[in-house]
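Next come two complexes built around chain A: one with chain B, the other with chain C.
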Partner chain A sequence: MIRQSWYEQSARGRLANLLDPGSFSEFLGPERREMSPHLALFDLPRQFDDGIIIGTGSIEGHKVLCAAQEGRFMGGAIGEIHGAKLTGLLHAACRLQRDVVIAFDTGGVRLQEANAGELAISEMIRALLEARAEGVRVVGLLGGRAGCYGGGSLIAGCCSALVISEQGRLSVSGPEVIETNKGVEEFDSRDRALVWRTMGGKHRYLIGAADIFVDDDVAAFRLAAIEALRVPAVLDQSVLAGEQARLELRLRRFGDAADGIDVWAKLGVARPAELPELDIDAFHATANACREGADAAR
Partner chain B sequence: MQLAEILSSLFPAGHEIRESGGLVTGTGRLDPNNRIDVVGICGKTYPGVDEAVALAGHILKVAARPDRAPLLLLVDSGSQRMSRRDELLGLSETLAHLAKALWHADRAGHRTVGLLYGGSAAGAFIATALACGSLVALPSAWPEVMDLPSMARITKLPIDLLKEKAATTPVFAPGLDNLFATGAIVEIWDPREPLSGQLAALLARPASDDPRAQLGAQRGGRLKAAAIAAEVERLSLAHG
Partner chain C sequence: MRDWNAKGRDRQARREAGGRLAAGKFIEPSKLVAFLEAVLKPGDRVCLEGDNQKQADLLAKALCKVDPSKIHDLHMVQSGVVLPEHLDLFEVGIACRLDFSYSGPQSARIARMMFGGQIELGAVHTYLELFARYFIDLTPQVALIAAVSADRAGNLYTGPNTEDTPTIVEATSFGKGLVIAQVGEIVDQLPRVDIPADQVHFVVDAGRPFFVEPLFTRDPAAITETQILTAMLAIKGLYAPYGVRRLNHGIGFNTAAIELLLPTFGERLGLRGKLCTHWALNPHPTLIPAIESGWVEQIHCFGSEVGMEDYVRARPDIFFTGPDGSLRSNRAFCQTAGLYACDMFIGSTLQIDLSGHSSTVTGSRVAGFGGAPNMGSDARGRRHSSDPWLRAGREADPEGNPALRRGRKLVVQIGETFGDGNAPTFVERLSALDLADKLQLDLAPVMVYGDDVTHIVTEEGIANLHLCRDKDEREHAIRGVAGYTEVGRARDRKMVERLRERKVIQCPEDLDIDPLDADRSLLSAHSIKDLMLASGGLYRPPSRFRNW
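Coming up: the complex of A and B.
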């Protein structure tokens, strides 16, 4: 079978490959033309689905609610409509006690409607946590071209499980934002290797910020989603106490590391400088022997 | 208002509140019988991984206590700290953890009230003030998603155009009135009146499910969000 890149796919293409064939029904699809009420003010083009596709379907027979952000429309940025679609879906997940899968591909808040986008992210987080309190799994998939930045990265941080590929980037401030605010000495955004070592999929998997590491392949993302949907997910006092302990330990172990390579060396990776070059099998063998797991403390 | 004035106006019956490294922790008393736990971020501090984890740890300790004392979060912050080290160590995870801790405290019976009295921005705003069950503000508050010069750089729109639009378009412009219009802030307190009474009045009203989308629609700052979310929920439930 020919491998199909998850990174290169559109949001619609990702859902088509993720879900069982023919199982998808879309809610508020492009035919409803629910577009941003704010972009016209800036003479910017709008999109009929406001850059996110939501609906219901199944993954190996497991019914889910699902969402995919379109990184090619305004960098997947979250505006009023985009955000409200996902918030409504998460409210429904809570009511139906149905698991959710989100394919992230976003630079964060859409600045042309910044206040509405910022608040939408806060509403999504609250709705997501309410659903999780009912035992709903919320699985995030990270491997899109826009990465998962800004408020999007905080939503991802609330998911019960995260699947990531090498191309997946997860961070609050993006490389350009850090460079713009703090200077090129702090972060050279053109240094792609530095970007991957700091916020890329391999690093995130090694420190326990993501749970499953996959190839940049639509079939691999589907298999990982199936795996993540089998694991029970709860969110209560003990999980949060576990997460607190896990994050405190991370800061103690790696708090003085200057670079990803130093973190990997402290983890016990024998030749950490070579880690970015490892193929997936070699990487799994190395990483799984020494990585920090989240162990459901998420 | 300065932090010291705010604390004495909030807690006429006294308080034991410490400030260290930009973080605030302690307890105050609205009256001799009512204890309030206080946490906060002050002095325009930019929270990074260390601050987020420290605050969350304190909040989770309050949440684990069997009493139902409210938790007040005081906020005068910058945006999240922008650095290579913070992102390397997983700032997104630690800020999400902080938001989860506040949500959990509220759910565990310690009603969370955010009091925004200074700045806050971007991811720090989402993980602190906006993660409280109720958010109130003083007129001195200056919340923003991003300052206009940075916004101009990222959107590649001229700063003069952004300033012109900001005057007429609350949906993207920084500032308290604009955030209030979207429904982010439930009420703006009057600094000339004792804050203790305003806090007691807020706590006397029952908490409700997230009211912010409805507030945004009523105030005209966010006309579509509530209706879209409700329509998606309806369609999902109808599909079964």
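Coming up: the complex of A and C.
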């Protein structure tokens, strides 16, 4: 059977493969023409759905609210409408007590509507945490072309569980941003293997920043979402205290590591330089023996 | 009485002058600039090895530092003008005249310097043409070349990227010129001898490998569905009916799509073993799935490709490899092979006009030619027959006496009707003409001349130009596959329909191809990582192509 890449799918294609067939019903779909009020000022093209699809559907019969960012429209960047749609979805999740699945594919806030975008990020984080405080699970899927950067990574960081593929990248600052601010000596954004060693799916899984590692395959993402939706998601003071302690330990252990390889060596990976080449089974065998645990807060 | 060995004595004098700054054949890198000042003379013809991929970068940097009051008016004769130093030489007054082939990364700067009068241009050549002139009227007095390693006698190992080196050394050394090599290391025992020591006069140990660039790696992730459609049309509408076994591919994404479709779409059509068995081609990573599934019998390479070394070594039946196991490439021989022993060339271009002339010139850039014009031209000196060649000849001249009729090489231009940045591929007037006017060139830089082109493939269909009987038909055959470009929209619908009936134009439906089937699932590899996996981990992609 031909594997269908999650990485190559559009946002709609990801939802179609994630949800039970025929179960999806879209909120504020493209026919509503809810477009960015800002982009026209810059003479930039807009999209009828502002680069995010939200709605409701079911996964293996389990009713969920869902969202998918379209990384091919402005790198999945978050603007006012895009942000408002996701915020609304999270408010609904809180009120309906319904779990949420978000397929991230974003470079962060859209620079052309930065203030509105930044506000949207704060609103989303608040809405997400309110929903989680009510026991709602919020599962993030990370394997898109644009990765998950900037404000998008902050939202991902608030999720109850994250699924990541090797292609997925999760980081607050993107490679180009680091290089621009700190110089090419600090981070060569064109060294793609370095990008993946510091932000890519394998590294994030190893240091406990993601919970489930999957192949770049739509079926694998669906199975992982099913698995993540079965786990209870508690968010209370003890979880936060545990996470704080874990992050302090991470800083002590890896704070001076310059490269993912150094981190993996400290984790006890036998041949760290070869880790990027491992296929999924070999990687799971290695990683599950020495990875850091992930918490429901990260 | 005439001195019949003035050239030999001149070289001897240079060897002695250089020898005073060297230990035997070996030069310390710290003395390199002084050494070059000692062996060079104003007005020398110098080949500073700049190939398609590998660069004598240490020698280039040193040459830029010689004192222009001592060494000036050099005439540079080199195939690739690639490094900034290659042009710095002209800026600081060390060199003044240039004959070259290819200048991809420096194409804008070279045009500016030509326009500003800093470079006196001899000609822009094809590779074979420039190599030919090395033996007739452009023989270098000094060649500065690059190799992987040298032994203590000065034998050289050039490794997988042998490329132009044997040709340059042959012309220079036997033409009584001086050969100076930069090597990555000096060893006791070479893996193999590519250049014998008696053709090499001096060696400098750079202490690191020469600069080499991956030029032929196309990421399958970037291949579009339109490119897949053009690939399907080419395989079903050209490769299959002509039965093309011996061929050369360009380096664009359309031909990469063809390579990736052979094991899927081609296999389904039952074409394995019947097509694409013998190649003049660099080791394209995108050919790995076809090689692994048994399509390919043999490949001769112009150069190598970064990351393909171990894979090539593990497939000695397919590639030309030395006793040490590594690839032996040779640009001059492979160009000759592509010209005379291939039945098809297929490659992408940026602009095609209504006569079928194509050019990669856009804006003010002089990118040169490289090898495409040799690959993409009918070899008039060819005398051996093959089915595709005979069939193409018959189509071009159905009335002629078969025994006196020339065959034709299939020269195919493939691309989308709109290219990068939605620039139309089909134009009324080539930008190359404007450039020729601006720089007062005798010839506009045309990559493939219209009278050599036999087919044009776009997502709209295939135009078979050698079935056209007059200029008007030819023009409409081109308009007929030009889609929604201005050129395409100016077509006469009836005329196009008549050409379609005669199969001068074949649309996807005429070939029973549904454009909706052009899907990325047809690609035998979706990413660089898939290529690595298909190679059993032998292909090691350079970091910049990785997403893992």
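Throughout what follows, the second predicted complex is superposed on the first by the 294 of 298 C-alpha atoms of A that agree within 3 Å, B and C clash if a C-alpha of one lies under 4 Å from a C-alpha of the other, contacts with A are read in each partner's own complex, and residues count from 1 in each chain.
Simple rule for what comes next: a residue touches a chain if its C-beta (ideal position, glycine included) is under 8 Å from a C-beta of that chain, and two chains touch if they have at least 3 such contacts.
Computed from a predicted model, the values in this text were never measured in an experiment.
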item	value
Superposed partners chain B and chain C on chain A - clash or fit	fit
Chain B versus chain C as contact partner of A:A16, first or second or both or neither	neither
Contacts of A:I280 with chain B and chain C, given as first, second, both or neither	neither
Which of chain B and chain C A:E8 touches, first, second, both or neither	second
Partner chain(s) touched by A:W196 [first = chain B, second = chain C, both, neither]	second
First, second, both or neither for A:A219, with chain B first and chain C second	neither
Included angle at chain A between vectors to chain C and chain B, based on C-alpha centres and rounded to the nearest 10 degrees	120
Touched partner set for A:I261, first chain B, second chain C, both or neither	neither
Partner touching more residues of chain A, whether chain B or chain C	B
Superposed arrangement (fit on chain A Cα atoms) - minimum chain B/chain C Cα distance in Å	15
Where chain A meets both chain C and chain B, residue numbers	none
Sites on chain A touched by chain B in the complex	25, 27-28, 34, 37-38, 41-42, 54, 56, 65, 80-81, 83-85, 87-89, 91-93, 95-96, 109, 111-123, 125-127, 129, 133, 150-151, 153-158, 170-173, 176-178, 180-182, 186-187, 198-199, 203-204, 207, 209, 235-237, 240-241, 243-244, 247-248, 250-251, 254-255, 257-260, 263
Interfacial residue positions of chain A with respect to chain C in the complex	2, 4-5, 7-8, 166-167, 190-194, 196, 200, 202, 276-277, 279
Residues on chain C engaged by chain A in the complex (per definition of touch)	221, 520-521, 526-527, 532-533, 537, 543-548
Residue ranges of chain B in contact with chain A within the complex	49-50, 53, 56-57, 60, 63-64, 80, 82-97, 99-101, 103-104, 107-108, 122-123, 125-127, 130-131, 145-146, 150-151, 153-155, 157, 165, 169-173, 178-179, 181-184, 210, 212-213, 216, 221-226, 228-233, 235-237, 239-240
